[in-house]
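Multiple structures follow.
Both complexes shown next keep chain A, but they swap its partner, so chain B is in the first and chain C is in the second.
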Partner chain A sequence: MVDSHDRSPVRSERSGDIGVIYASDYLNKLSGERIERECRAHLSAGCRALVVDFKNTGLVNSIGVSIMLGVIDAAERARAPLVFSNVNDQAAQLFELLGLMRHAALAKDESAALAMLTEVNLQPSLSVLVGELT
Partner chain B sequence: MSDKTTRLIHAFSALADLGEEIADTRDFEEMVRSTLHVVLGSLGLRRGAVAEYVQGGDLLRFVAAWGLGAKTPTNFILKTQCAEIFSMAEPRPLSLGDQEQRELIEQRLGAQLTDAIKELNLSLVVPLVVHEKFVGLIMLGGKATEEIFTSDEREVVRTMARHIGVGIYNHRLLHEIEQRAEENRGLYEDLRTIYRDTVRAFAAAIDCKDKYTQGHSERVGKYSEVIAREMGWDEERIEGIAVAGYLHDIGKLVVERNIINAPYKIDAKQSSELNRHPAAGYEMLLPIRHPFADIPLIAKYHHERIDGRGYPEGLTGDQIPLGAKIVAVADSFDAMTTDRTYQRRKVFAEVVEDFRKNAGKQFAPEVLAALCRALLKEVTGETKERKMAKLLGKGYLESEECRPLLIKLIAELESDKLLAATSMA
Partner chain C sequence: MSTENLLKVSPTKRILGRVAPENFIGRSDHLREITALAPSTSRRRGLLVHAAPAAGASELLRQAYDKLFQQHGGASPIYFAFTRQEQTVTAAARRFLHTFLSQLIAHRRNEPSFVNAPPSLRDLIDLADPADYEWVERLVMTFERARVGSDELALVRLCFSAPALAASRGARCVIIIDEIQNIEKLTGEVELGNEIAQVSMHADVPFVLCGLRRGLLDELSGGNAPHRFEGFGTIHLENLKEADARTLVERLADTERVALSDETRDLIVQLFNGSPFYIASFMYAAHRDNASLTSFLDCQKIYVDEILGGRINRRFNSILEELTPSVTTRRSLVRLLHDAATNAGGKSPVEAWRRRLELEPDELYPLMFALHVRELASFNATFMEISTESLWRDYLRASYRLQVATEPRALVVADTLVETLKRAPQTMARHYRRAAALGLLELLAQFDEQQVAASLLHYDRFSRIYHGIEPEEIEPGLDAETDLIRLPQIVHAASCASFHPPMLLVCDEERCAVAHGFDAMPYTDSNEVVWLAVEIDSKQEAGRAVTEVWCDRLTQVGYSCGFKRFKLWLVAPEGFSAEASELLNERNAFSSSRKQLELLTARLSPEVTDGREAAGIDAPDEFEMVIPMGSDTELIAAHTVEQIARRLDFPAEAINQIKHALIEACINAAEHSLSPDRKIYQRFRLESDKLVVTVSSRGIIVPSPTNAVTNGTEAREEKNGRRGWGLKLIRTLMDEVEFERVDDGTRLRMTKYLHR
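== the complex of A and B ==
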């Protein structure tokens, strides 16, 4: 699935039971809503875990953070573990300070995120995943 | 970077985002939704809602909510005088987790509403007050860190709430201005209708003076309208020329009835008296503030001729306003196609011949050409609304000769030679 309305579009793909969503260069309202849409679509399609990859993301604004909290909500309701990968230092510090990392795990890159989720065998409990990773 | 600095930069950046969102007035609900996101995202809050106070109904209408799922209510009914109490109180964030502040919330919102907010897992209530007017409420849930709000964070919320309040207040003002503008548009339309009706009443009064020309002014108005439309005028100017057509003979009100209705050829003195009517009409129309330009001048000059042999001033060619040239053609067309005291109406071929003979002398060729094109469109059925055919009566335009006569005359009128001759005059 690709949403290509801007230069660096939000796109996503499925890796087994895991939905992988690639954020664009700026996590703001527009791209945040696209990420949220993709996440919900993957969960509705039966994905049991989600990875949001921020490899291309340089900036995160307040609306982007709020929408990511919505993604966390959606994942928790579906009891789907959520991993953020390739988060730059600045965004990682912000996510940590604002409490996002209490509800999602952090991975160095996409492969590490997928490996993490495979290792925990997609246990239907985020706390198990977050607990194992910390 | 230290945590404190990162938080500070994020809060400042959120304030900038807030300003940007509030400035966007295109979609009110989207604006409120975005501002709620900014507040939630600036502090890492998982849920929240913004409700606006609906004046008159003692209602809080939920405009935006995030993280409340299916529990989001549509409205909260406020207790009486709640808005007044909030308007007077200091608009600071109040926490439901603090006993003293919870009591304050209950005093202002009532116990039922306070419980409803708590049930939504919302713990911080921030009234939106602008110019001592209660405009709404922001209700915020707990932080994703599950920590309590610090005093700095409460200050951030309070500052943002002031901005959001201004956004809602401005939207309301804009809405009121739009409503007033809509009312004014309605009043203006009413005035225009009254003006049109008055013009029609005057036209009827003018035509009452002459038993043989009943409906003449109205017909001239309608023919003028058709000609102007054919010449590509805009709707505003077309309405103006129609009014000018209705009123072109208003000066006849000062001419004696026996001269207007004389069943014989009037003498020079009577003719001079009758010829006063364009100038008299101008004097009558001049003091009126018409919504359209040139109406007095059109009345004054509708008997002028391109060759300068008209009256009252003997103007030539371009000295005559185009509107007066249009009304002159419409006036003569109606005179030729209706029965008069001294003559029966002309058959269509005679009218065409008269136009041919007087093009560039009495009439402006481009105006005659426009009338002929409009007539041709009605003859061929190109124009569905056959306005002129209806005015001319059944059968008048149905003769087989109409079409070729009009085509030939249009070709002649539109030839460069004739137009050049006119500009010379």
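== the complex of A and C ==
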């Protein structure tokens, strides 16, 4: 039986004021909720920006993507910029189709995401960040 | 007993049974209970069998008879059924004695042919075992003298005391008396039911007394104070459970060589509500007509034939003929029943029955009581309520149109077929909704002052604590919670519609429950409480508007039923939005998601079951796969389709698109069909330039009454919601997407071309 939580769990760490969350290999409801939980935890702990890294994520489904909108909402409410990194082409296409890209920025990899956030000096407005990066 | 005689009966030989033992399904426990009466060490003195109409009680008793007969050297089984044709008490008593002696001697001589072709009483004396000869001869002689006398009571007692006499001479029997409701119309001075009750309680012989459940005890009491039947066990014989009914349909299809599909098998079970009698009649009719049963149309054709002219038609006809021998009265009765059935609630006042049937009370009340006992209507002192069983109603409607309105038969047949065919998907949808319901009623019935974590009944708290947490981590979390709720002790739980019928307009019966209980001891007014619980149909977190509507509805039910103190409990599969939770807290209502309900159920009753079967493979370029819903099994499908797509050299990007489309299709199937087997069926067909993927699941997608009513509200919430994107994605990822309508729902077919 395939069981996502046995393969690559959601992890997170903190890099200065930025919370970095590493998504598992399949973005579905449960792993999406875990990402959301981690994001909220980092925001509560005072992080001023978030990076969700999809380096290990091969497949995504629409429920998982829909939960990412919850992450975007949470980040917006906290006025914390959010960057998705290491998103593969297929996931990027789905993010685009489902409208996530209007609210979050994409970075090639984690270090690029951190650099972006440092460059904009953690501007409080996400729209500013998205505008600057696109 | 000689070896030669032992060989006459093979273990599977049927004597009275009409169904092959291997096709007699779902009654093994009851069979065991009956055959356990045979040993003289049996704890029980007998059994009362309260049977639902057409639940196969007679066949159960006949199968029990055959089993007992084959236990050579043990107690002799005697099966006697009161018939509708018998007129007098003395005729029935005489036939009982004859049946008793012929079956006793048949068993003791191991001569089953005597059972179905009994020798005369005189011949039976000669055929009796030497050990029995003397008492049998004396009994027959005494009987011959009594039958020409005028003492009816003495004759009846002589006949029915024969088993006790035999036992006292070493011939132990198990007496099985069937169709006791037919005693009612026997004429004579003796209250036969009462006599049988007396004999069965005082003779040192086990009796099995069987009759329709609404009339058995009344008949046995014979107008006297109810007997206690001390030492008797009770069997409540209902229609078959769904799994057993499905097995029965499959076995009969196999035996009768009738082609069948899973979908039609389930439809047949629903059409006849698991009644073995009707199911068998239906399958025999299909065999007789050399019909296959692979589509809903096939089934409904046979169904209509049966209602208008087959065994099912004859069964209802014979009941009505028996109740109203006069043709004119029978026509009036059909008209009256039909009219009452079309009234709101299916009710009509007794006074209307008296006037329209023009019967005196001494004729009218037995007629109404007989309809009540046969469960064709319920007699409630001042009104009659016609049974809602669709088979009976279909028969009534057709009979009315043919016999009373004298419409052309072809028109009635065509209309009935069209109507029942239109109803078939709804019947299945209702079944699926029922099967998919969360089981509130059963859960409430288990409430018995247990203490549970408060978060199980407060969605907002649960979500706050356990959102995104591993399932196995939740259990310890719940164990560690200190805020606990003591559940009430529920003493009665029923569907909300039983208390407040208008609820049926907005909610399936099994999704709303009313439970009466006490939230503390002792049993006092102040501790009395009623829980009103509902399962809201919502694919996502239920919003404030829907939640408010349901809070208002339940509160209204509470007030209109006069409940002094009540608690609301709302359950939504995905829980409740923050705004809805706020409202629930304001209203002091409990709230749970499916997950919470599962956890609560596991805590109250730790046993959970599941299990089903799979399918096969056909063409060489076609692959089939069946996966269970849930547990990320769509990943298995995605990896499989990847391997298949590679065979056609699809580029990596296209393979990724196919995988994602398939994942969405699987999620869609799991989320949107009320699947009875919780499986997703997939077919992958490779053609020279394309891959065709078909995804289907059993279950019908229909708007539930809840949806119909709350549509506006839900639509608003859906707009703001973030689900329902699957199909949009699939259309973007694949080249062609189409829905194929099938009997049992919809099937999604997706095509990806190699070069496009």
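The rule is short, and it goes like this: the second predicted complex is superposed on the first by the 129 of 134 C-alpha atoms of A that agree within 3 Å, B and C clash if a C-alpha of one lies under 4 Å from a C-alpha of the other, contacts with A are read in each partner's own complex, and residues count from 1 in each chain.
The rule is short, and it goes like this: a contact is a pair of C-beta atoms (placed from the backbone, for glycine too) under 8 Å apart; a residue touches a chain by one contact, two chains touch by 3 or more.
Note that this is a predicted model, so its numbers are computed, not measured.
Overlap between chain B and chain C is detected when the two structures are superposed via chain A.
Between chain B and chain C, more residues of chain A are touched by C. In the superposed pair of complexes, A:62 makes contact with chain B and with chain C alike.
When the two complexes are overlaid on their common chain A, residue A:103 makes contact with chain B while staying clear of chain C.
Once the two complexes are laid over each other on the shared chain, residue contacts for A:94 go to chain B and to chain C alike.
By the touch criterion stated above, A:26 is placed in contact with chain C alone, chain B being left untouched.
Contacts of A:37 after superposition on the shared chain: chain C is touched, whereas chain B is not. In the superposed model, A:112 makes contact with neither chain B nor chain C.
In the overlay built on chain A, none of the stretches 95-103, 239-247 or 545-553 of chain C clash with chain B except 545-553. On chain A, the patch touched by chain B and the patch touched by chain C overlap at residues 61-63, 65-66, 69-70, 90, 94, 97-98. Residue ranges on chain A touching chain C, taken from their complex, read 1-5, 26, 28, 30, 33-38, 59-63, 65-66, 69-70, 89-90, 94, 97-98.
Chain B meets chain A in the complex at residues 1, 3, 6-7, 10, 13-14, 17, 34, 36-46, 66-67, 69, 143-147.
Contact residues on chain A toward chain B in their complex (touch as defined above): 29, 61-67, 69-70, 72-73, 77, 90, 93-94, 97-100, 102-103. By the touch criterion stated above, chain C contacts chain A in their complex at residues 467-470, 631-636, 638, 653, 656-657, 659-660, 663-664, 667, 722-723, 725-726, 728-729, 732.
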